[in-house]
Each structure stands twice: as C-alpha cells, then as structure tokens.
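What follows is a short report on a single structure.
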Amino acid sequence: MAYQYPEYESLKFDRPADRILRITMERGKMNAMDFEFHHSIAEVWRHVEEDPDTSVAILTGAGRAFSAGGDFDLEEKVIAEFDWKARMWKDGRNLVLNMLNFSKPLVSAINGAAAGGGLAAAMLSDVTIMARSAKLADGHVRLGVAAGDHAAIIWPLLCGMARTKYYLMSGKALTAEEAERIGLITMCVDDDKLQETALEVALDLAQAAPSAIRWTKHALNNWMRMAWPVFETSLALEMLGFAGPEVREGLDAHLEKRPPAFNPSSPL
Amino acid sequence: MAYQYPEYESLKFDRPADRILRITMERGKMNAMDFEFHHSIAEVWRHVEEDPDTSVAILTGAGRAFSAGGDFDLEEKVIAEFDWKARMWKDGRNLVLNMLNFSKPLVSAINGAAAGGGLAAAMLSDVTIMARSAKLADGHVRLGVAAGDHAAIIWPLLCGMARTKYYLMSGKALTAEEAERIGLITMCVDDDKLQETALEVALDLAQAAPSAIRWTKHALNNWMRMAWPVFETSLALEMLGFAGPEVREGLDAHLEKRPPAFNPSSPL
Amino acid sequence: MAYQYPEYESLKFDRPADRILRITMERGKMNAMDFEFHHSIAEVWRHVEEDPDTSVAILTGAGRAFSAGGDFDLEEKVIAEFDWKARMWKDGRNLVLNMLNFSKPLVSAINGAAAGGGLAAAMLSDVTIMARSAKLADGHVRLGVAAGDHAAIIWPLLCGMARTKYYLMSGKALTAEEAERIGLITMCVDDDKLQETALEVALDLAQAAPSAIRWTKHALNNWMRMAWPVFETSLALEMLGFAGPEVREGLDAHLEKRPPAFNPSSPL
Amino acid sequence: MAYQYPEYESLKFDRPADRILRITMERGKMNAMDFEFHHSIAEVWRHVEEDPDTSVAILTGAGRAFSAGGDFDLEEKVIAEFDWKARMWKDGRNLVLNMLNFSKPLVSAINGAAAGGGLAAAMLSDVTIMARSAKLADGHVRLGVAAGDHAAIIWPLLCGMARTKYYLMSGKALTAEEAERIGLITMCVDDDKLQETALEVALDLAQAAPSAIRWTKHALNNWMRMAWPVFETSLALEMLGFAGPEVREGLDAHLEKRPPAFNPSSPL
Amino acid sequence: MAYQYPEYESLKFDRPADRILRITMERGKMNAMDFEFHHSIAEVWRHVEEDPDTSVAILTGAGRAFSAGGDFDLEEKVIAEFDWKARMWKDGRNLVLNMLNFSKPLVSAINGAAAGGGLAAAMLSDVTIMARSAKLADGHVRLGVAAGDHAAIIWPLLCGMARTKYYLMSGKALTAEEAERIGLITMCVDDDKLQETALEVALDLAQAAPSAIRWTKHALNNWMRMAWPVFETSLALEMLGFAGPEVREGLDAHLEKRPPAFNPSSPL
Amino acid sequence: MAYQYPEYESLKFDRPADRILRITMERGKMNAMDFEFHHSIAEVWRHVEEDPDTSVAILTGAGRAFSAGGDFDLEEKVIAEFDWKARMWKDGRNLVLNMLNFSKPLVSAINGAAAGGGLAAAMLSDVTIMARSAKLADGHVRLGVAAGDHAAIIWPLLCGMARTKYYLMSGKALTAEEAERIGLITMCVDDDKLQETALEVALDLAQAAPSAIRWTKHALNNWMRMAWPVFETSLALEMLGFAGPEVREGLDAHLEKRPPAFNPSSPL
C-alpha cells in the first residue's frame, strides 16, 4: 500500500479491489475494544482521508463478531479514575467528529454481533450492510450508563424516536431484518453474501464521481452537525454515569454472570 | 401509596406491581377531556417525578377508549372567550413541557380510541403499546383548527414528514398495525395482551439501571427541545383558529351529526 | 379560469373538479426541464397562492413521464457560464423556498419517471401519490454533481438518513412500492387508479377547513425552515460541481450512451 | 424608470443616483400604515429584485416621520374580524420573509419616528442609518399585544437579549445614539447628513462586486432563517392578542389620550 | 399575602407595592447557597406563577451581597458523592428550566457581589439592574469546574462570544459599569438608587398589558430554548468536573486562602 | 521542545514562558498566505493539541503585519482550476473545524494588519488582543467573492448582525478601538503592551484549572457548531464566486493598483 498507515494493533488493512480499502477489526474472540482499539477506530479516518489510493472504505470484523463492545479492563479504569473518564470522553467525541467529517464513502459489513464502539462506527457509516444472522445492540443502559457514544446523534434520524427510545432505554438487541425494516441499517443480506455485497456497493461508489459523492455525503452530514450539542449532552451524561453506582453493579453482574440488582432509586 | 398525590377527578392510580404506577384516565364513556382533566394530565408528571416509590409509569384508559378527544363544553368556552384561549394555550404548552421533562420512563397502553389531549400524552410517552383493534387520530383539522397540541414537535421524528402531513392534514385515523409499521408507536399487540405487555415492558424498565435510563431518555428528548419553537408556532396557530369561523362550523357539524360545510375560502 | 395565470410553455392547467387546479408538466417526450420550465415550476406557486378559486393543487406529468430530469442544453450552459450557475442557484433556491411557503395543499400524482427538478417538486408536495410502475431517482451524482436541489432538506425527514444516503450517494432508482415502504412518498397505487386517487385526496382536502389545513401544513414546514442552511450548503456545492470535471464526463458519457469514466481522485 | 413598478399609494420611487432606487414612505403626516401600505412594503422587494437597473435600494420616510406605526382603522379591523387577523398574520409573515430573501443591499435612512411596520422594515435592512434627532420604539406591548412583527427574529442578534427584553417588554423609545451604541442600528448621523450619508453608503455598495455582496448578505441571513420558528411563534401570539381585551384597552386609551388601565390579571 | 408560599429558609418575601413581589435572598453574611437555598431559588418561580396577586417579581439580596456563590459544605458533598452530583445536575437544570418558563416579568436588583446560583438567577431575569459598586463573577473555573450552571445558554446572547469567553475562561469579575457597557445587564445605577429604580421598572411593567408582556418575554425565550442542548452539555461537563482533581485543589486553595496550584496537564 | 512539530515554512514556534507556545506567522513582508501557509494554520492545532508541554497558545505575526491576506498567486490558481477551488474549500473548512475543536485556550496578539486567513484564525481564537494601531478587515467583497472563510459563523455572535453586515458587505477596515467597542475583539492595548498583555493573559490561563477551562471553552463553542451549516453555505458560495467574473476584476484592479470596475449587473 502506497500510503503509510500507522501500525494498529486491532485494525488490519487489505485491498479487496482497486481503490477499496478494507479495515478489519480484530482483537480476541469478540473484537472487544480496549482503549488502543477505540483510539484507532477514532483516528484512522484521518489517515484514510489522506490515502490517495483509496476511494471507498469498508469496515468489518474478523471472525464471528463485528465488535462486541468495550473491554472490561477499560471500563474498570473509566470507573476508577477521572483521567480515564476524560480520556474516553475525548476519544468518544473524536470518534463521532472524525467519522462525520471523513469525506470518503464508508460501507460497514456487519458480520456478527455489533455493540459498543464498533456499533458506533457502524451506525456512523454511510452504507450499513448486515448479515442476516447478526445482531446489534446498544447495551449502555444494561451496563448502567446512559447511551452516549453515538446513538443520540443518529438513531432518531435513522429509525425515528419511538424505536430509538425503545431500543436504547431497554438495551434490547435487534435482528438484521428488524434493523433493515425500521431503517437503522441500509440492508440485510444472507450471511454468505455479506462481503460480496459490501464490495459491490463499494465498487459502485468507487467508480462513480468522487467529488459529487463526497459533497452529497458531506451536505447530508450537516443534519448531525446541527444537532451536535444533543450528542455532546448524551456523551457527558454517559461519562458522569461512570462516577456512579449503577455501572459498578452492571459490570459486576456481567462479570459474575448474574442478573444485575440495581438500586431502583435515583436522585434524578 | 406513600406519596400523597392530589385528588384528580379523571385520573385513577393503582400499582400493578412494585415500583410501577398505573394512571388510568376515566371520565364518562369515552374519557373525553374537560379542562380539569387536561390540567391533570399536564400537571401529574411533576408529582410522579417526586414519588419515591415509582420507577416507571403506565398511562391507560378506562373502559373501551383511551381518551377520545376534547369535551365539547370546553371547546365552546375556548371559542367564546379569550381567557379560555389563553388558558388552553398555557395548559397545552405545559402538557408538552412537563412530559418532555418528566425524567422517569412512561409506557402508554392504548386500549381504544385515542385523540385530542389523550393522544398527545400517548405520543409523548417513551414506549407506546397499542391494542390491535384500537385506532388513533389527530382530528384537529376536522374540528376546524390547526394540529397544535403536540403533533408538530414529535410526529415528524416518529414517522417522517410525508405520513405526518397526510394524517394531520386529513385528520384520518390510523389502525394500530399501520401506526406500528410507520414507527408512530412502538408496537401493536393483541387486545388481550395489551395490559400485560405494558406491564412487562414497565417491569423490565423498572428493574434496569434507573439513572442510566433517565439520562438516556433525557438526552434523546433534546431533539424535541431544540425544535421547541416549531411546536409553539403550531400551538399558537391552533389557538388563533379558535377565534375563527371554521371551528364554529366544525363543532356545529359534529354536534348536529352532519358533514361540515366549511367556507372554502381563506385569507391565508 | 377567473384568475389570470401567466402563459407557461411547459405547464398546462385544468380543473378536474371545483376548487382543484391540476398543473400538468408537458415538454417533449419526457417532460425534461429547460430553464423556462424550471423557472415556471419555481414561480407558479405564488400565483396559485393568489388564485381565489383554487383550494388544492395537483401536480402531474403529461404522457408517460412525470418529469425525467434536466434538459442537456441547460446543463451545458450551466457548465459553460458562471451566470448560468448563478441563475440556476437562484432558481433552485426559489423553487424550494416558494414551495415551502406555498400555503395551499399540494398533491403530486407521479405518473411515470421522476427525476431532477420534477422530483424536487414532487418531494416538496404535501401528499405524494405514485403509480405502481413509476420510478423515481435522484441522479445528481450520476451526472457528476452533488445532490443539491431539494434532497438534503427533505429526504432525511421522509425516509431517514441511511436510506437517504444510500439512494443519493448511489443515484439508484426506487420503485413506487419501495418508496412507499420507507416513507419517501405517501402512497403507491395501481397505475390506473393514480389520477382518481389524487383527485379524491384533493377533494377531501378541498372540502375540509382551509385555514386549519394551511396552518397545519405551515407549522410542519418549520422543520424544513429551521434546517434551511443544510439545504443551502447542498445547493451551493452542487453549483460548484458544475465548475468541475466530473459533470463534463457525466454528461458526455450520457450523451454518448457509454458508462462514465470518472477520475477516481478528488482533492476533497 | 425602465422597470415597471406597480402603483403604490404610499410608496414613492426616485433615483437619487444611477443604480440606486430610493423608496419613500408617504401617507398622511406620520406615514402611518394602513393595510395597503403594509402590503406594499411587504411585496415591493420582489419587484426591486427584478428591476435590472437597481443595485441598491434606500428606504426612507417623507416629511418628519419615517413611519410612525399602524393605522388605527386597521387595528380596529384586526380586533374585530378573524379574517383580518389572518390577513395581517400572512402579510406580517411575508414582510419578514420577503425582506430576508431580498437579494440586493438595502439601506434605511431613518429620518424621524420609526415604529410598527416601518420599524420592522428598517430593522430588517442591511444598513440602518438614523438621524440624531429621530427615535424608534417597538410599542406593541403599549398597544396591548405581543411584539410579534419582526423583533423576535432580529433584535437579539442586533443588540443582545437584555436590551431586547428591556425595550420590547417596556415599549420604551430609544434615541438614535443609544440605538447606535448598542448595535441596534449601524450608525447615527446628524440630521442634515442623513440622506447624503445613506446615499454615499448606497453608492459604495452599488460600485462594489454585486454577486459577492449579495451572497455575503444572503449567507448571513441564514442565521435568521434558522431561527425562523422563533419569529413565527411571536407573530402568532401577537395575532392571538388581537382576540383579547388588552388591545381594546390599549387602543381606546390611545384614542382617548389617557393612560391605559389594563386588567393586571392574565390567565397566562 | 393571599397566596400561600412554602416556607423557605433563605428567601424572604415582601410587597413593596401592589402586585409587586420582592424576593430577598438571605443566608449568612454573603447569602451563600446551600442545597436548600438552591432548590428554593429553582422552584419558587412555579409558585410566583400561580400567585394571583403578583404581576412582577423583584429578586434581590439582603445586606451587602446579592448572593456570593455556593456553600462550601455543599461543594464538598458534590465532590464526595455521585448522588449529590446527580441532585445538583437536576436542580441546576430545573433552575434554568423554571426561570425560562416563568411567565411573569422578573427584575433583578443586584445590590452586591453576585456569583454562583445567585448570578444564574440574575442573568436569567428579564431586567437586570446593578448597583454601581457591585461586582459579578462567574468563578466556576477558579473553583476548578466548567462554567455550567447558566452561562453557556445566555451570556453569548447578552454580551457576545469574545467577552463571554474572556470572563468565563478567566473567572474575572466585572464592574457594574462594564457589565452595562457590554450588555450583560440592563443598567447600572448609583447604589442608593438601586431599589427604587428596580421598583419603578417593576411598577411600569405591572401597569402595562400583562398578556402582551408575558407573550413578548415568552417568545424571546425561545432563543434559549432552541439552544437548550448547549446548556445541557455545559451542565453535564461541570458535574463531571466534580469527579476530578481540579475542584479538589480549587476548593482547598480557597479554604486555605492560598493560590491554587492546579496540575497543568489534562487528558482533555 | 519535547513535542516534535512538523516543519512549517511560515510558522515559527517559541516558548515565551513555561507551558506557553507562541506561534508566529512569518512570510514575506506582510505575512501573506500561500497554500502551504494556509494549510499549516489549518492543521497546526491538531499538533498543539497533542503537545504535552503546552497549556496555552499565542498566535501572532512577525514584523509589522499580523497576516495581511491571501497570496495573489494562490488566488490565481483558485480562479483558474476547479481542483484549487476544491482544495481551498477543504482547507478553509478544516481551518474552522480544527480551531473550533482545538481544546486549549488560544490567545491572538494582533500586532498589525489582519485580513484573509490570518483574520479567520484571529477571530476564532478565544482571546483576541489587538495593538491600538492595528487594523483588521474582511475584504472578501473587495476581491469580488462572498465573505466565506469564517465570518458568517462567528461575527454575528461577536458584534451583532448590523455591524457584521456593515463591515462584511462593505469590506471596510476597523480600528482596534472600534473592534473592542463592538465586541469583535476582547481588548485593544497600546502597541508596546501587546505582547506582554497577551503573555499575561496566557499565563493566567496556564495557571488555572486546565480541564475546567477547556470544557468551558468547549461548551461555548457548541453555539458555533449548531450554526455550522450557516458557515458551510458561506464557504461554498465564496468558492463558487471564484468561478465568476467579479474576482477576476477585483484581482486585476488590485494588481494594477486601480479602482475595480465591477459589472453592476448580477444574475443573483
């Protein structure tokens, strides 16, 4: 590859076709995100932007998962230290900021479970293609924090407010078919067609007029830019939740594989 | 119940389960709203907010209707007097303001016909569950006034602009299935499953992390807060319509059970 | 007709029923828009507004097409001269501005292929009814310019952001059924029911309370007014694209009936 | 004049210099606005837009006043009839809409008392020059209605919220010097320099790059377009006030040259 | 007083004139706010709203200060416990929400030092009158947290962004004269004229048309409502700061009467 | 310096005090911007962001000018080629985007003439200090293009709309004192105090709580983020102007040191 990308521990690059860059998330069995991974997925777009040989990017996951959420060690750090709260606030903000300002078309091929930062990256893609057997879930509330990493800025514009509230307030998972039906993703395809469909769409986009496409994308993203403070509120509230008792219980329950027993009272 | 609610003529409270408060609208056969009822449904949320024993609220209707619209006596008063226009403007505004700022999850169980202020309360709920045989309609234009009590702030974010305009400009009713399909409600269930489904959803929400859920809801509601002046315009125009001839004809036709004969000319 | 409309080369008027004005676009085989036609469709609404005998307007196309896009001569002029870029910028802006501020209900009967300025007019209608065999496409990117004439202001509010991006960034056509399913249009009907359905809807609206309907429409349009600068950005970027090489290749390829060969590099 | 303007009873045109059109408001001693006058000042901009010989317009008043407010007969009609409320709502809306979308630079030369619709036109100009002895006042509340014709959309962006509230909620008049100090107008000049200063500024603008200036103006006006529903709310509330008792008392007191005695209670 | 106000420990009521309610903040020497006081000043407006004998309210401070900021014990609690962070988030939000939705005119008479929650209440008043010798400061950054309780929603609309940033990022105090010059307050008067000027303004407002004034205020406040998520972001970030090390150092330094020694590094 | 900055031809770095980075623009006699310089000033903030030894940055100019506008060769290229239009659009956008998202406080010390990209950087700083003899001008319209590089997003929030329009539509220069009076800059100081005042302010900010200051800045910048599409429209219109005849005449006149003779007609 002509353009010299940084070395990323958890992102692999290949070129399935001329002018198409495929970024594969790979870390452990479920591609769970530690900070280095999260930081990579927040920053990589500035590099793809500069890469003169890439017209369109594809984002996918290695193995059976797309990316199944945050790493527990990272969550422990965010609970424990203010500096980690601030760092994740900044990185979470940069992920959304950089993706919304990434000029080239991005196609996500959601091959398996998508949650956490991986889900954020998928939902902020321009075209989202999902394998029929895959599921996605924004499980923030199950962990015990507000849904703050991307959802507030884009879900209402994808699938409307009723569905947004239902899935975000419950943390329930969606099948690919349901996600397609409500407009949360672009399309659901059979598992064995996922990568080829993503590549076809990417090739179509790569052969089309690049400036016309980028300015079309760019102009549409102004909807999210105008609503930016809505996102920022959700992000700061998520981080504030990491200073509270619910995330402690949520994480413990998860690690101990038991149902959480949240204190039903809240000063809010 | 530990928390001392005011006595409301048209709102009944019970606790179908621990930490769940069910509010049942009950007034006459169709739970039509007079001013006292409207004021109650606008103000009750400030109390549920304070009630330490309630995590989640359910709103439903007694008998066969959810709430089938405004009381004709009330409408006559609003037509006749400026003070009633001002009062309804204020109460209509407070209904939306208080519901958008109510921190706890609210589930609506729409058991039958929903229109008027009851529909407003349903559409501003977080989860809306509707019995398969129920219908909903925003019939403002049929009465001869603009759709101003809640629709402009939330319908476009629920079901998109084309469907919003079609239903609001025509005043046509929607079936539960259609409402579910287009995203106007969260889900449609068989009539005999309505209350149990609502309760299940409420229990799920009551057992989850309360601060995380409230901040998730809260952050999403910023979309409606940012668009607030859109609502205010619609509300003021509705009230201005009560000073005009169309509502007179609309109401007369309704009371006389004949089709209205509106003057097709308008200075607008 | 009592009201004296200007003579328009490409717009024909008739009255299929009392108080209903039908505007039929007619120019050549495919009702392609030259500047005079575009200017007419941008300005006619100010006249319909003043016409005391019209309560509701219907917009449709003559023959087999609704309106199948821009005239190539016009596009050549816009490529060649700054003054034509400025003129189209102004006319494109006025089309959207005047339609959003047109007070009376407008029903589009999309009888065949809809693209370009005709599609803009259709999507900015209040009720859009489409013949089952018709197709619509926003093909800006295929021509080599950004989708700038109306789409950015209204598609995300009609069918959500994922579908908007998919169709606008690819330029792909939609069937009427798909358009209905995702909320981009109000309804799809059998071809032979198109005109009668449009007329029925128009009659319903014409018999209803005119001020109530206009204020309802008017208040809802504030969503688009508030997002107006999003539209303006898209429009200016489209026009800027007419100063670049992609539209040259797009137009040449089209005229030479060959696939375009866009330079895949872009400074953007 | 090459361009054929409509005949306006209360607007006079002259050309103080090449490419400069001066519009002088003239009606009675104080240039008070009746409906025809208001309608003219709302619509004239569409014509100036089309006039190929005009680069810049100047708006001023004949005699000692700029325009000292609404005509009492008109106010009586608005109080008495819904149709007049609707008509003034529409005309008030068009005045602001048309001025914000008028592409050419507009200089106001405020030669004497400015209030009512004349003040609206002045404040929506691009450059406002005021004679040192002139005063301006938004006296809506003194008449007994909300300040709704232009102020909510532009005063906060001119002079900040504290000053806006003080002057609009009290109805107090401002001197030209105070108006300049707080940014409500562009500049205050000695009375005998008013017309020449306005002409100098207009000539400067007329000799400069016309497209560059119009797009600069146009882009800045997007601030007001984005806040448009704020204006619409104020306008609808003003009109609603014409259905109430305060304007009756305000107008009677004014006509009887006595202090008003408003009922201090309000249902709001 | 006919209307039965709750007993507030730190708010005293009197009636300096008919229909004028004066609220005097009084707690210790500097009227520093503990939680009960903050909660009172957040909630009292709902009661003044209901009080039928009050047309206009005046807010002032007892003794030499207006209200000189937060109580240190309260700040310790907010540092120590999540529940106090959540409680202050909610109360801070309610203070701004309730003041922006309080319908009656509110005049602040700033008699001495204004900071913290007292400053918030002053800046959210409709008319702010300040004694020449008084000073005001938003000292959040000096304490070590972001300026989050009201400033982000209103200062840019009062005095512009450059001055807002300068004073909020430095925490510097302003004299009354400077505050008047830049538009942060309505007017500065000699100390011995403060109460009488406030009363005069209040009386003027009380004798004017109440609905007209309330709707004027109400419509203008839509600017702040539209920008609401900007405020929410600032508030959540302030609360998140209470989980960090800077506020610890800021508070210690203050209590030990030494200059703070903040760690100059930040993960942000 | 520990952090390794890229080599910039036109930016020099020094450390006038611990934790303060001073960036001096230096290129030729007037620090005119060529593309490399513009790109540097757009990108440098991402590096200052990462520099662990810098708390506050100062931006100033070498010699007698701050930065006196764009390089004529660059303007010729933008006129001549679409790719340069696209490149400048992107770089202009990045300058504003990166400065608004730069987390650390930035102080501008405007030592002499400020125009073009240098003025943009100054106006987007957090604290702007200007030498008494310096002048600033946004001369876009004088060159023959719309004011598009930063002004539309920030001037109305700095000095209000009347002053913004006057200076941007005329291209007139402002003295430092006038700029201070209207709030366009933070303060004007005597020439020989400029650098020391900037350093004092920077030191104050560097010793204060860094996270608190950054989040305060960050939250305030959401006002500009929310209005982002207003900026984008102005930027695209500026670039479109580079495809037209006015900039040709503006540039020729400037190079030939004669007054421009713009064609007074415009299709706009």
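Quick notes on this one:
By letter and in written order, the chains are A, B, C, D, E and F; residue numbering begins at 1 in each of them.
Please note the rule applied: a residue touches a chain if its C-beta (ideal position, glycine included) is under 8 Å from a C-beta of that chain, and two chains touch if they have at least 3 such contacts.
Labels paired with UniProt names: A, B, C, D, E, F = Enoyl-CoA hydratase/isomerase family protein.
This structure is a prediction, so every number in the text was calculated from the model and none was measured.
In terms of the stated touch criterion, the partners common to subunit C and subunit F are A, D, listed by label.
Placing every chain at the mean of its C-alpha atoms, the farthest one from subunit E is found to be C. Note on interfaces C-D and A-E: more C-beta pairs are in contact across A-E.
Where subunit D touches subunit F, under half of the residue numbers in use are shared by the two copies, so each contributes mostly different positions. In this assembly, the C-alpha centroid of subunit B lies 40 Å from the C-alpha centroid of subunit D.
Centre-to-centre separation of subunit E and subunit F, using mean CA positions: 35 Å. Each chain gets a centre from the mean of its Cα atoms; for subunit B and subunit F, those two points are 50 Å apart. Under the contact definition stated at the top, the residues of subunit D that touch 2 or more other chains are 86, 90, 103, 159-160, 211, 219, 222, 226-227, 229-230, 232-233, 237, 240, 244, 266-268.
Contacts between chains form some other arrangement here, matching none of path, ring, star or all-to-all. All chain pairs in contact, by the document's touch criterion: A-B, A-C, A-E, A-F, B-C, B-D, B-E, C-D, C-F, D-E, D-F, E-F. For subunit B in complex with subunit A, the residues that touch the partner chain are 19, 52, 55, 103, 105, 126-128, 154, 157-160, 183-187, 201, 204-220, 222-223, 226.
Every residue of subunit A that touches subunit F in the complex is listed here, in rising order: 86, 90, 97, 101, 103, 211, 219, 222, 225-229, 232. Contacts from subunit D toward subunit B in the complex involve residues 82-87, 89-90, 227, 229-230, 232-233, 236-237, 239-240, 243-245, 266-268.
Residues 140-148, 152, 156, 159-166, 168-171, 182, 227, 229-230, 233-234, 237-238, 240-241, 244, 246-247, 249-250, 260, 262-268 of subunit B touch subunit C in their complex.
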